[in-house]
Amino acid sequence: MARVLVLHGPNLNLLGTRDPAVYGTTTLAEIDRELVVRAKARGASLRSAQTNIEGELVDLIQGARGRADGLVINPGGYTHTSVAIRDAIEAVGLPTVEVHLSNIHAREEFRHTSLTAAKCIGQICGFGAQSYYLGLDAVLARVEATRADGYPRKTGQRR
Amino acid sequence: MARVLVLHGPNLNLLGTRDPAVYGTTTLAEIDRELVVRAKARGASLRSAQTNIEGELVDLIQGARGRADGLVINPGGYTHTSVAIRDAIEAVGLPTVEVHLSNIHAREEFRHTSLTAAKCIGQICGFGAQSYYLGLDAVLARVEATRADGYPRKTGQRR
Amino acid sequence: MARVLVLHGPNLNLLGTRDPAVYGTTTLAEIDRELVVRAKARGASLRSAQTNIEGELVDLIQGARGRADGLVINPGGYTHTSVAIRDAIEAVGLPTVEVHLSNIHAREEFRHTSLTAAKCIGQICGFGAQSYYLGLDAVLARVEATRADGYPRKTGQRR
Amino acid sequence: MARVLVLHGPNLNLLGTRDPAVYGTTTLAEIDRELVVRAKARGASLRSAQTNIEGELVDLIQGARGRADGLVINPGGYTHTSVAIRDAIEAVGLPTVEVHLSNIHAREEFRHTSLTAAKCIGQICGFGAQSYYLGLDAVLARVEATRADGYPRKTGQRR
Amino acid sequence: MARVLVLHGPNLNLLGTRDPAVYGTTTLAEIDRELVVRAKARGASLRSAQTNIEGELVDLIQGARGRADGLVINPGGYTHTSVAIRDAIEAVGLPTVEVHLSNIHAREEFRHTSLTAAKCIGQICGFGAQSYYLGLDAVLARVEATRADGYPRKTGQRR
Amino acid sequence: MARVLVLHGPNLNLLGTRDPAVYGTTTLAEIDRELVVRAKARGASLRSAQTNIEGELVDLIQGARGRADGLVINPGGYTHTSVAIRDAIEAVGLPTVEVHLSNIHAREEFRHTSLTAAKCIGQICGFGAQSYYLGLDAVLARVEATRADGYPRKTGQRR
Amino acid sequence: MARVLVLHGPNLNLLGTRDPAVYGTTTLAEIDRELVVRAKARGASLRSAQTNIEGELVDLIQGARGRADGLVINPGGYTHTSVAIRDAIEAVGLPTVEVHLSNIHAREEFRHTSLTAAKCIGQICGFGAQSYYLGLDAVLARVEATRADGYPRKTGQRR
Amino acid sequence: MARVLVLHGPNLNLLGTRDPAVYGTTTLAEIDRELVVRAKARGASLRSAQTNIEGELVDLIQGARGRADGLVINPGGYTHTSVAIRDAIEAVGLPTVEVHLSNIHAREEFRHTSLTAAKCIGQICGFGAQSYYLGLDAVLARVEATRADGYPRKTGQRR
Amino acid sequence: MARVLVLHGPNLNLLGTRDPAVYGTTTLAEIDRELVVRAKARGASLRSAQTNIEGELVDLIQGARGRADGLVINPGGYTHTSVAIRDAIEAVGLPTVEVHLSNIHAREEFRHTSLTAAKCIGQICGFGAQSYYLGLDAVLARVEATRADGYPRKTGQRR
Amino acid sequence: MARVLVLHGPNLNLLGTRDPAVYGTTTLAEIDRELVVRAKARGASLRSAQTNIEGELVDLIQGARGRADGLVINPGGYTHTSVAIRDAIEAVGLPTVEVHLSNIHAREEFRHTSLTAAKCIGQICGFGAQSYYLGLDAVLARVEATRADGYPRKTGQRR
Amino acid sequence: MARVLVLHGPNLNLLGTRDPAVYGTTTLAEIDRELVVRAKARGASLRSAQTNIEGELVDLIQGARGRADGLVINPGGYTHTSVAIRDAIEAVGLPTVEVHLSNIHAREEFRHTSLTAAKCIGQICGFGAQSYYLGLDAVLARVEATRADGYPRKTGQRR
Amino acid sequence: MARVLVLHGPNLNLLGTRDPAVYGTTTLAEIDRELVVRAKARGASLRSAQTNIEGELVDLIQGARGRADGLVINPGGYTHTSVAIRDAIEAVGLPTVEVHLSNIHAREEFRHTSLTAAKCIGQICGFGAQSYYLGLDAVLARVEATRADGYPRKTGQRR
């Protein structure tokens, strides 16, 4: 059974508890529950965690070694500057998908690039909660393909 | 019934016909067939087109007005420099999802940003043929949400 | 009788057919008719063409040699990046006026400069359809001045 | 009766008094006279002023409130660096057209952008004295359109 | 009674305990006590906290929702690079004043800009401990004005 | 008795006389009167001046030598480019506080840095008229501290 | 028999038909004829094509697969910005030589670099029509060396 | 007896536990043990700590005051962006040596510079575990030289 | 008899009246007197003027036409940004030498380049008051050489 | 008889003596011999020289005046930074062709531009030893064309 | 017996002969003697050379082939710009350690990066004469490790 | 008796021997003779040297210690990139004046700044041979002032 770890970065804990007229009323807990349901439907297990601290994201990524087969990560504000998260994703070597609620290409210029995505399989941004669901699909597809092959494919590897 | 148009930019016609050991043997025609099947399964119709010419992509985007409810586009090499495609997506106003086979954040620096994605709902990159399938899911979700609402949401709009 | 060619670049064909509350209801065809009327009133003839394809703009500029005495061009999204159009304007050597509907200096930063304008007599931007009418005035004045002189003045030449 | 104020920035007072073989013999006074004639022909009044001092251009723009319905300004060398003139045009809110004798896109790179034009309706450059005449046409068209509408349109507003 | 939270970022805990000849002998505890006294004198309550960890500043900002009416923050070295703190200030929406002991414009070039200040009401820098006292005045003035109005003004909003 | 000179740069004379719904109805004269009252309450005298001309700001700063003990300056649009004002503040050596009505960090990118603030004690921005009142507090605190010390502290000096 | 395809980009069709005093009277047709003669003399066949359209250059490069053993390409104005042509050269994998009539290093700064040359064997610029003849020599040498080896060498490969 | 504190930044805890064929089998614990042995051999004591959290590195540096005579630090991914660590090293004022396992000049361009090294005595990079041993030699030499002198030399001071 | 005009820009009027221990006690008036003496010794007349206002420097340069044969100018803080002064020097066409008291290459980076010097014969910087005396020698040498030739050499002309 | 001088810059003396499996076994001496043979076959004489010292390349270029009719130069690592070699080529005025063994556009970004090529007729890169042979053809063609004309064409001159 | 060559670049010959109060009295000869002693103690031989000429450093590096087993190099002022030295280190392929007396990260910004270090094993900077001694340790460790392995490791290779 | 050393960098040996119509017929030898005469007239001795080699300029500057009291240097093409010459001037500490024949501010952009001038007293450019004569005046004035003072002033020191 494939095991997926979903990591939420800074400020994502506020989701759905503020300005519901603008951001909707979906909370992070609801997204996490939906992810569990969807993972289960595909025969996978899923855990998730949130932290506002960059280094704790590094801890969580490292902790996934041997406990997860794939990662979905939304590094939030650390996306654009965190060499530490980039290095952790590369070092741990699990297939990782980066997701963002908003379309980073349509926001301030400093959000247009991602330092962390370079070490992921790919990136999905702009679809709100659905970004996570698509990310789950993507990482499970990779985990399953790897298993079918019988040998792992490294994260960040060009197809 | 939701109608989706899938547009493939320059060099994507070569997919699957070259270096199968490296790039796999899936051809663009096969991806298009798979997309039709998946759309149909969700009660939608889907057409697709490929061109190497920037201005023909503009023509195709414009031509979608009134004939499609959503777009999936892989602008290929025009992603990073085409103001004309960016303007066309904005002018036509259909919900649009940008997709890329490879992870643009893991390639040459000039590929790290997208001029066209700013006017799309979001972007999906790095998952090979699956990028298209995820993109189809994303655009259909938006089209269906819009219909449920009873009023259209403009492309590029922050959620 | 002075002959003027008016060239419209990408997406200008959509003018007036979309969001009339925002952009007005004047279509490109109406602008072209008005231009013909105004040219005629000054004893000149005028033809116009639109294309979304960069290289066809090059074709049209080249085709003006011997068939037109002056050009009015709105290169649209190609304004900021097209070395090919810049080279065509320089090579053909006809007096050329660059026009834009919107004020390029008040939009995204990548629109603030023009690669093509350097090889034109000058540039007019920000006045909607009137940008074309002012551009026609400007190019006819140059053509007439040249004829009065008895020798041609090259485009791009500082006054 | 529409009232137009024309403002000439630094070094424009030298026009026509130096190197007539190169720059022609038209003086600034002659341009101003021609502008008055043209304004009158369109049922408008026109005054003009020249100064080499950036802050005096700010004074003159501010002084136009209540005394003019539209501005034509050639900020000369201050075009590329003056936040103060930019702010004055925005603060006063009169429809303003920026003009230049030479084609700024064909000169030194530091002249390719305009800080002040962002707060104008639009910009006209490259046509010598005719830039002013076209600018007068443009600003009168805007003033007249505003009057026909019955409500003012702010300067800098995208059409 | 208005409630103010004062947040001190990295290295501010060292204040006054080192090189008293150079930096003075005022400790952070003394500044905090003085802030309490001053807040009380204006009928407000004040709490403060210090941490060297970026994500804990995010935690503290988030925790202020419902427990404080305004924030004074010195993000220290995170001022220039922290998207996470910027996002937290924006998300929480409390009126926030950024303060710095030293004049950031007179130090190394990388300190001249602030990523976090864009989402604050304003910024005060260069006055040593007094920067905090001025910041307290500024945030209380905004909180009181908001109460007088009867409706909240969002942080970051231009006056 | 401490003497303070308050200098207002370009366009500040328009304050309160335009768009009261947006900018409020406080005029510059009212701010100046309030500053006099506040200075008097602290046993100080205060004069103020406004000019749109960069060089006149230099004149006024130079003229403060021997006639004022501290400066509060809002250099307006000259903040970001004026080497001359920067040099004048440094040369005259009076304690100087830079103030701005709006939050420069939340506006166009060219406003994010200040060339003049490097030679001031510090900078206060974003609090509307209150920026001036806080600036007065800050400069008086410095003047009084200097007097208590018995020797002057140079402006721009790191604390 | 080695087969060579020569591709001419935008504006090269004007060669020799304009300003013969400056650019000489050699037309593109004459260059093509000379190339055929020279290829024949080395036992090779040669075809050529010209287009002003970027995407048609992509089409032509793709079409060379299986029909040519080597390419000589002058991408003209597309040299400096075309990711699509760069990708096509890389995808098709034929040995390719980039040529330019003029010395790109002695012209405007935006012409000093080539995006397309990175995927070619090498580049030849500055020798007028001779650039093509040298390019033919270079590509034939590579094709012949490859044949002598018995296995192909990929284009873009460092020697 | 000289006391040295060795600090390991993010991801260094993974050393030696992953891909032994590539990175060798030396773990961080083994490096720490070797460092203790080497320190002892020179009559010094040595402690070490690792954390993935930027602010905890700041805590650890601050905590070294009065408990260590010199620091060896490998800030890992925080090397290139951490103003907080830079400020902590400067504030604490202990002689500090920055070390890196890999040669930062031979990796991605964003790793070529160090923000933190400017406040250290010097930097050693590229020698794997040996970088730490050389760093220990360097910091002990400084500590011993300082003691011989009888007065401390500040870190960051040019020799 | 050759006539020289010496122009002093912003803040130069403070020379010698402040911090004599640092800057010496030579006043601008003394430099002007010395310049008159030196000019006279070479059979030339010399006048000088100082202003803090950029546009007045433009006025003074323009006013030199027909009244001076050469200029020595210290544009002070306007050196690095003034297009208006650059244009005035070019328009007036008198041989002009730019001088600076301090070595601009040894100060802040924004002082390393001169926008105005490009239109002068040359530049002299770093020699205190002597920079003016050397500048006088240089401009007189040019004026005399021109007279010996019998025809004027334009300023800015490469030798 | 045309005389050609071939100059080899730094590290080219190592050619063919190291890693023959990678770089081939052709030595610089063999290239030089082949060049002599080819020159002779075209009725020209040829000498060559190698040095690792930038200034000796300048000496050699200068020494070619009167002793050679054309130059072929591979400035090696000095290509990208040497103003001195650029100036020497311009000063001596002999027709010069720049050659490189490798394709500079496919290597590190700092190798993509050439400072020296701007003063040459053109540049040839990427063809290994053949770059020299093509360079010889190019320079002889220019020398012969010049002789046929009866007047010299300057190096660097656009065709 | 391992053979080490130590190369000193420009201005290092002045060491210890100037301003002894500031730079100490250790001369380069004394450093060289100490290096010989230390090498000998480790059973290695050591030679050293100094030159101010970039190309002679290239000569010396090349000359080390077959005569040395490892290099220690201080390229001085050539560190930041020399492609030729970078290429020589790469071409010769000996394990090389770059050393600097001062901490390049604490000096002018143009010294913060090294072009040459990318092709070395690593870099040591900031420790005065000790930088050389640490560099000797580092290069000998690599040479000895290589010998123990029985196969050479290339310089620049990531560990 | 003051001793001056004049150093001429690359390509200055060509002066006066080429294109006399353009550059005049004054040779470097003639300039050197004139410098000797002028030095003698001021009671000073003068020697001069020319080299095309950067490192030999370093040698010559170093050799001036104890043999000259001041330097005049024209570093030619090395002005803009030579850290080695900059360091040599700083290390030797003799008063040094940088001179250039042409106006570096009126040429290519890469010539607008000088790396070497930062360590000189000042710079003189644009006056042809007269730049040297003015440079001699400047350096002698500094040497004489130093002697009158009785203590040396360091080069590069701000006045």
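Think of it as A, B, C, D, E, F, G, H, I, J, K and L in the order they're written, each chain with its own count starting at 1.
What we mean here is this: a contact is a pair of C-beta atoms (placed from the backbone, for glycine too) under 8 Å apart; a residue touches a chain by one contact, two chains touch by 3 or more.
Computed from a predicted model, the values in this text were never measured in an experiment.
Trainee: Show me the overlap between the contact partners of subunit C and those of subunit G.
Mentor: B
Trainee: Which chains lie in contact with each of subunit D and subunit K?
Mentor: none
Trainee: Could you classify the subunit C-subunit D contact as same or different, where same means more than half of all interface residue numbers appear on both copies?
Mentor: The interface of subunit C with subunit D is built from mostly shared positions.
Trainee: Higher C-beta contact count, G-J or A-H?
Mentor: By number of C-beta pairs in contact, G-J is the larger.
Trainee: Taking the mean of the C-alpha atoms as each chain's centre, how many Å separate subunit H from subunit K?
Mentor: That pair's centroid distance is 22 Å.
Trainee: Just curious, how far off is subunit K from subunit J if you go by their C-alpha centres, in Å?
Mentor: 32
Trainee: Express in whole angstrom the distance between the two chain centres, defined as the mean CA positions of subunit A and subunit I.
Mentor: So the centre of subunit A lies 64 Å away from the centre of subunit I.
Trainee: When the C-alpha atoms of subunit D and subunit E are each averaged to a single point, how far apart are the two points in Å?
Mentor: For subunit D versus subunit E, the centre distance works out to 45 Å.
Trainee: Pull out every residue in subunit E that's touching 2 or more other chains.
Mentor: 53-56, 81
Trainee: Which two-chain combinations touch?
Mentor: Every touching chain pair, ordered by label, is A-B, A-E, A-H, B-C, B-G, C-D, C-G, D-F, D-I, E-F, E-H, F-I, G-J, H-K, I-L, J-K, J-L, K-L.
Trainee: Spell out the residues on subunit H that touch subunit E in their complex, using ranges where they run on.
Mentor: Against subunit E, subunit H makes touches at 53-56, 58-59, 62, 65, 81-88, 91-93, 115.
Trainee: For the complex, which residues does subunit E have touching subunit F?
Mentor: 23-24, 101-103, 105-107, 112-114, 117-128, 130-131, 134, 137-138, 141-142, 156, 158-159
Trainee: In the complex formed with subunit F, which residues of subunit I make contact?
Mentor: Residues of subunit I touching subunit F: 9-11, 13-14, 18, 51-56, 76-81, 110-111.
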